[in-house]
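This structure is in structure tokens; I'll ask about it shortly.
Should a chain be cited, it is by its letter among A, B, C and D, assigned in written order, with residues numbered from 1 in that chain.
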Amino acid sequence: MNRETFAAGERLVSPAYVRQGCEARRSHEHLVRLLLEKGKCPEDGWDESTLELFLHELAIMDSNNFLGNCGVGEREGRVASALVARRHYRFIHGIGRSGDISAVQPKAAGSSLLNKITNSLVLDIIKLAGVHTVTNCFVVPMATGMSLTLCFLTLRHRRPKAKYIIWPRIDQKSCFKSMITAGFEPVVIENVLEGDELRTDLEAVEAKVRELGPDHILCVHSTTSCFAPRVPDRLEELAVICADYGIPHVVNNAYGVQSSKCMHLIQQGARVGRIDAFVQSLDKNFMVPVGGAIIAGFNDSFIQEISKMYPGRASASPSLDVLITLLSLGSNGYKKLLKERKEMFSYLSSQLKKLSETYNERLLHTPHNPISLAMTLKTLGDDEDKAVTQLGSMLFTRQVSGARVVPLGSVQTVSGYTFQGFMSHTNNYPCAYLNAAAAIGMKTQDVDLFIKRLDKCLKAVRKEQNKKSHVSGVDNYDRTENVDIEEMALKLDNVLLDTYQNSS
Amino acid sequence: MNRETFAAGERLVSPAYVRQGCEARRSHEHLVRLLLEKGKCPEDGWDESTLELFLHELAIMDSNNFLGNCGVGEREGRVASALVARRHYRFIHGIGRSGDISAVQPKAAGSSLLNKITNSLVLDIIKLAGVHTVTNCFVVPMATGMSLTLCFLTLRHRRPKAKYIIWPRIDQKSCFKSMITAGFEPVVIENVLEGDELRTDLEAVEAKVRELGPDHILCVHSTTSCFAPRVPDRLEELAVICADYGIPHVVNNAYGVQSSKCMHLIQQGARVGRIDAFVQSLDKNFMVPVGGAIIAGFNDSFIQEISKMYPGRASASPSLDVLITLLSLGSNGYKKLLKERKEMFSYLSSQLKKLSETYNERLLHTPHNPISLAMTLKTLGDDEDKAVTQLGSMLFTRQVSGARVVPLGSVQTVSGYTFQGFMSHTNNYPCAYLNAAAAIGMKTQDVDLFIKRLDKCLKAVRKEQNKKSHVSGVDNYDRTENVDIEEMALKLDNVLLDTYQNSS
Amino acid sequence: MNRETFAAGERLVSPAYVRQGCEARRSHEHLVRLLLEKGKCPEDGWDESTLELFLHELAIMDSNNFLGNCGVGEREGRVASALVARRHYRFIHGIGRSGDISAVQPKAAGSSLLNKITNSLVLDIIKLAGVHTVTNCFVVPMATGMSLTLCFLTLRHRRPKAKYIIWPRIDQKSCFKSMITAGFEPVVIENVLEGDELRTDLEAVEAKVRELGPDHILCVHSTTSCFAPRVPDRLEELAVICADYGIPHVVNNAYGVQSSKCMHLIQQGARVGRIDAFVQSLDKNFMVPVGGAIIAGFNDSFIQEISKMYPGRASASPSLDVLITLLSLGSNGYKKLLKERKEMFSYLSSQLKKLSETYNERLLHTPHNPISLAMTLKTLGDDEDKAVTQLGSMLFTRQVSGARVVPLGSVQTVSGYTFQGFMSHTNNYPCAYLNAAAAIGMKTQDVDLFIKRLDKCLKAVRKEQNKKSHVSGVDNYDRTENVDIEEMALKLDNVLLDTYQNSS
Amino acid sequence: MNRETFAAGERLVSPAYVRQGCEARRSHEHLVRLLLEKGKCPEDGWDESTLELFLHELAIMDSNNFLGNCGVGEREGRVASALVARRHYRFIHGIGRSGDISAVQPKAAGSSLLNKITNSLVLDIIKLAGVHTVTNCFVVPMATGMSLTLCFLTLRHRRPKAKYIIWPRIDQKSCFKSMITAGFEPVVIENVLEGDELRTDLEAVEAKVRELGPDHILCVHSTTSCFAPRVPDRLEELAVICADYGIPHVVNNAYGVQSSKCMHLIQQGARVGRIDAFVQSLDKNFMVPVGGAIIAGFNDSFIQEISKMYPGRASASPSLDVLITLLSLGSNGYKKLLKERKEMFSYLSSQLKKLSETYNERLLHTPHNPISLAMTLKTLGDDEDKAVTQLGSMLFTRQVSGARVVPLGSVQTVSGYTFQGFMSHTNNYPCAYLNAAAAIGMKTQDVDLFIKRLDKCLKAVRKEQNKKSHVSGVDNYDRTENVDIEEMALKLDNVLLDTYQNSS
């Protein structure tokens, strides 16, 4: 509504009241103006009413929402289903243009603003989370793996001779595939065991660089956030090696924004050495649906180069999600989430320690991993691996999600590469274990329920082991096969489940 | 967004595109301004985007949506559930003030505007539908019956000696109860049979007026829309009697807005005689959820007097529904619905005629009823009433809704008054019959399905009759009891249903 | 989804996972079943997903949502606007039938269930809130005032000779109008001053009963929740008088459900004497939009009689709101809100006490009022009343809503009755004062902002008073007129506002 | 609701009515079962109520919606904003697993089902649209360009020696970039002019294949849908060449699903020769928001191989959009859209022909292009190119979107490659022209408005040209530069705009 509509309103109801309403409107507008002018995440989260008004206002700037528009092109933002239009707040044109995912669309000023503001807000949050000298970033509607691929594809044009990517091992398929998909050969650097922790073998990295020759290496691909007992890579030292040999350095910071330690490592790496880009998941760090990532870096033009590698327009959906989320939370809300996560980590740590000791197990000592914990599973009897797998399955069917059991000696072949001890980031970890993580948004209740259910499951498995009963149908279980562990575990669990349900 | 926010936007994306978006915004604003200035239903319906923007803009004028509000009263528009807030577009304060349902609320300029605009739009539509000289109306969040009660309660203060309401019989409970609830004694005027039609007995009305004395009569309470073979009351003549004897005249126009005939009767009545208020349902005429009515009239101050009789605030929900509906449809959309209804009436009429003749029945000749039709049910065999009832039940369980069978001789007692031949508007209609109506929003498919299913059911009932089988469990069926016909019919249908399902 | 659809699902994705999902579904269903079987508010609030699933499931039981329905009646639940359908979760048929607002609708099993369940939940909450022996209640889509009118109209049929309603004075228009609208003559019983409190004059009540004769009295109409310094009526004693003289007793418990004291009074009244019905607002007690009330009582058949007085169907909207709210909160959530309100009352009380003393005013001692507080305004200088009014206006324009200033000697005529000292519940309260209330949902922030702004405003008014400046345009202010105080106050405030804004 | 909840419901309202509701539920369930069992698009579109119920049911099968879930992983589907959760119907886990975008997620049976069903429905529609022998496809949340890149990256692993992609020229940046991004060198095959049409130079293709050697060629990358006067590539002949030389063949079928001609070409190509994959946009063919594509093919294992190249999970948002859309439309609704588009194409064609002749221009004769049309712009005076550009700008600011003017001699450099006559698909097309397309969802009103506005703009430009006025500020316009034509055009238009607005 504008001056004239308010004037018309004053004739219908008392001018004094309309003026009061008009005044109130201004405070919403003020927030919007601040946002557009500063491009920063507001300290206090916005009301839903301000947020929705803002989104409506942006949307009507897109040509598909023009009242008098006539479309004679092949892509006019028409929508067949009102449900679909509504759930996207009538933003239909996506983001970017054929040449560049960060470019402005003539047909869609509102969507373009949405895109710019989102990237600006996200940059602000990355700084706030610890990488103070980041200079540019953009949201891309692809998950972390594919975003890493995009980085590698961009580097290819800069390094025509390169064939290899140096990669300190982390047993997560999509990291590995991101290199394969981009058409490069991953050079796996095995981790070294220090105490309980698995850490980067810096000497092996440098040796490999010399062996292959820097020009043949596309980049070093390191990782921060990971499952214990692996810990974040030694980013500072890797960054120095990269700087020394003139090799690009791409960091997989998948769920590291939520941890000040991970962010600090990146900041330090960039300060003392070389980091070209770091990539993080939207869903894992900002509690939005799966499907987006942030590509960020310290060199404006390189980040732009990546954004120009994305051919064609892209979904605005992940950008919209993170925009809504950050405006709702405000930077204070996000900081609060970070703080609570830290507390949950301590709580989970102490509870898991206590429980493990009850069962003559122990919590692995992994002080460098700020998110994930591991508890040994050494005492499950003779047929250990089967018991370990079964425990995982039991937790799954009891609605514990995200817990992960790692038996010894699992072998997995990914895109032709065979990994010994797959899931444990090393060929031969000393023992089987169970992982649990304290990720952003976790609640005390999650920890308590987990500990309670884990306790029950451990008890049940022990009892089962003591009986030394043979579970039918899984006798031909061969650990060296490339099996789907989860599927198999579920089969194993069928026998136990009834007993459990009757007793609980 | 205002000038400054747009300026900020121009710095983020191209000024040319932002200007285009800003221009587009103006066309939405233009529609809103026109609405507020003219207070008329727009000819063309609004887009959802204009509509929702408008509602958002109104809502932020209410104090519960002020960003800096602090509430220290007992009614602050707080909402516990976000789902609830959202479904009401954050309009929480309702409409009206303690003194008057049409009054402006200081705390809620937006809701007050919503209320004023809705009443203004509805007035516009009533004119368009045929009552050109209506001067005032308001939406009240009560169904037709309670709204009639409110009119009667208002009249009480003007006519302290009045005890009676003259009421040409119509067999619909809530009309009757509206008078009882208001504390008056209905004086039932039986209808006269003219051909197949049941029409107002004007002489009986006038005789009764003289017998009781005008001062003891609160008002004449007449009806337009009704089930055939009753037809709308002779409003012109009644209005003249009311004018002659100085008796108020309240018209129950429940679903008459959709019919130009009903509206014409009201217009004529007001022109030649006296009509004080006419009441119509929101849901039946405007395809919104049940729960609101419009009280309208030709004398501004009397309508205001009624609105001041409603003690306290009231739900804004029915007003919001009709506002959204009328803005979405536009007056052209509403006219189109009226036109389609007329066509559906002709279609239903011809189809029902054809079907009835196949079964040696006939369509009653009720040319004065523009909405409802009746087809005789004379030939269902010896145990006619049972068969009639069973037919109704069968239609119900086959998902024909709104069809209504009227057996002979049903007796019903309502609030102590006993009606012979209840449902048929007369003590002794010559035959049993079935009603079907062509109401606003009906589709060809409704008619076709209905005719098809009715055909099947008639066939089944006939077959059943021929077998003269005794249906167990309903032998003690006593037509003179005050029974719930629908409940009983369902019981009757159980036997037939299986047969039907197997054959279809 | 049912067994067969799950089976089909298992063929598409792993059976183990589908089974897990199916298991999860059962826990939602379990909650629904418990609700339907017990009819009680669940202890823990439901998730949005359970809630929306439940509403969807109910809605598809209504005939307007049958996939194969064909409608040939005049009221088929058709909806013109998808926005409208959606916001009502596709419940279109409202609640009740022509005869009875609590009756089941054949066309709408889902809406009927919704209605039954809501009434059942609300009954549970009323018990939980302190009226343990309540036996029946129903939600009616009218505000408190009109609901009281309905009670009075129902009593009329039981007490044909009655003309009067005994009413201990409370200065709130809609209470008063509820009696006028019902067609009765209110007999105002002035309150007595005890300390700072205004309390029921029991002797005057009994004297009046004797004077008029019990048969001529429709009922006693008492009040619990009210603005200080009036306090809840002496319900126990009134209930005993009613029992002794055989007079019905209707209690206006507008926002009393939120106070254990008010509820206790009703419980006690019913235990030792007679209470026929007590009426409470939905919005004020359950944080839903304005527009509904609950009529409750201790005699099943009387409450049913009232529900049968409502002629016709009614909006389901208020019922739906309260259902969503109570299922979201759970009884624990509601209890928490009650507890927090009590704490806020203490906090507001202490803060207001402190502030009042700074200005040489005092908090009135009104220990019997559990919700509303009053602070004297004695020291605002010579032209006291003008200053008091101006203070109210200033608070309003500074977005303090619900605060209420009560000048001395205001005179108001309502429906022909003239009240001296209107707003103060007595002809001559010793001093002007300001009201603030701690209602359900209030936050610490509301109190803090209020105290801060009140402080500023008091300072500004004092300063103004000291200048003894004449504010132009309001010189002809006549306190004995029936003026709209809020409108006038706003005019008064215009001069001050600029100063204030510059300084803040 | 299940059997037990219905039983509980029957105790609250009449069993007969609840049974009726329960019956009604079954018809929704029936539709869901059919969908899951057959995996085909239903003929008739679903009601919103069935659709939303289905989505709710799926969503509660995901672990983030389990009532008793406790999450101890790094990705638990937690959502910070209720708005975000709601707009995704609480599907948070995305689709796919680290290894494969089509894989089933243990944590998210509902999302997994959604993914499978969507792919199945889309396959059904592709068959229906003309490619009857397609065997597999999947929706990928990336636009067409990036999806083509993924195809090329997959082929790399099969053809280690390949460096080149044979590409019949089409002037659209993202097609070109899709090859660059994948790291290959596009070998541009210029089109040949046949009449007005630009068609595939088959001889040049075959010559190039021989020259480079089949092993060094990754694939032929052909195009169907394109702007006139270019027409779809000669797919059959290309497919035969590919088969003969053992070269893969990837077809960019961006918006070709909507055209039976394009689909027929693909079907024929696959029948007589070799097509490995064809890629189409979701938004352009299914009227959903930008951001998704479908990768389809005739060899099951190759399509699976592509799906396994996508590293990590992906957004479910595009899949959800197309699922909702197809279920709403039904196959009949989609066919209707296709039919209407064809009619619009004829209408646009005839209207444009008429208009062009009025201005002594002509509609280019391009019978092989089923979607896009071109009208010459030969007569705009001396400074032709400027006038052409200005015309484009004028159309843009008058809210004609999608019309595209193509001046002569525009030069553009994309990723280091320079294109003469960019936008016209050839180095030297005989004349400038204007494009308009009839895409799915176009309405008569679009055509009429377009013709009217184009008429006005042509008139204005002619008038301007006649004045031979020099437009200031754009004198230094250099057609050989790599300029952003749209930006520049807008500048040019500023002078004219005022005149236009005054006259209209």
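Quick notes
In the analysis below, a residue touches a chain if its C-beta (ideal position, glycine included) is under 8 Å from a C-beta of that chain, and two chains touch if they have at least 3 such contacts.
Here the structure is a predicted model, which is why all the values come from computation and not from measurement.
Of all residue numbers used where chain A meets chain B, over half belong to both copies. The two sides are thus made of the same residues. Each chain gets a centre from the mean of its Cα atoms; the one farthest from the centre of chain C is D.
Chain geometry summary: the mean Cα position of chain A and that of chain D are 29 Å apart. Centre to centre, using the average C-alpha position, chain A and chain B are separated by 56 Å. Chain B and chain D have CA centres that are 48 Å apart. Shown for chain A are the residues in touch with two or more other chains, namely 14, 20, 24, 48, 52, 63, 66, 68, 82, 106, 396, 399. Chain D makes touch with chain C in their complex at residues 1-2, 4-5, 8-9, 12-14, 16-18, 20-22, 24-25, 27-29, 31-33, 36-37, 39, 47-50, 52-53, 56-57, 59-63, 65-68, 82, 85-86, 90, 104-106, 109-110, 112-113, 116-117. By the touch rule above, chain C contacts chain B in their complex via residues 48, 51-52, 63, 66, 68-81, 83-84, 87-89, 91-95, 97-99, 106-107, 141-146, 148-150, 153, 156-157, 172-178, 180-183, 225, 227, 254-255, 281, 283-284, 286-292, 309-318, 321, 324-325, 328-329, 333, 337, 348, 371-372, 396, 399-404, 414, 436-442, 445-447, 449-450, 453, 486. If you check the complex, the residues on chain A that touch chain C are 14, 16, 20, 24, 82, 396-397, 399, 487, 490-491.
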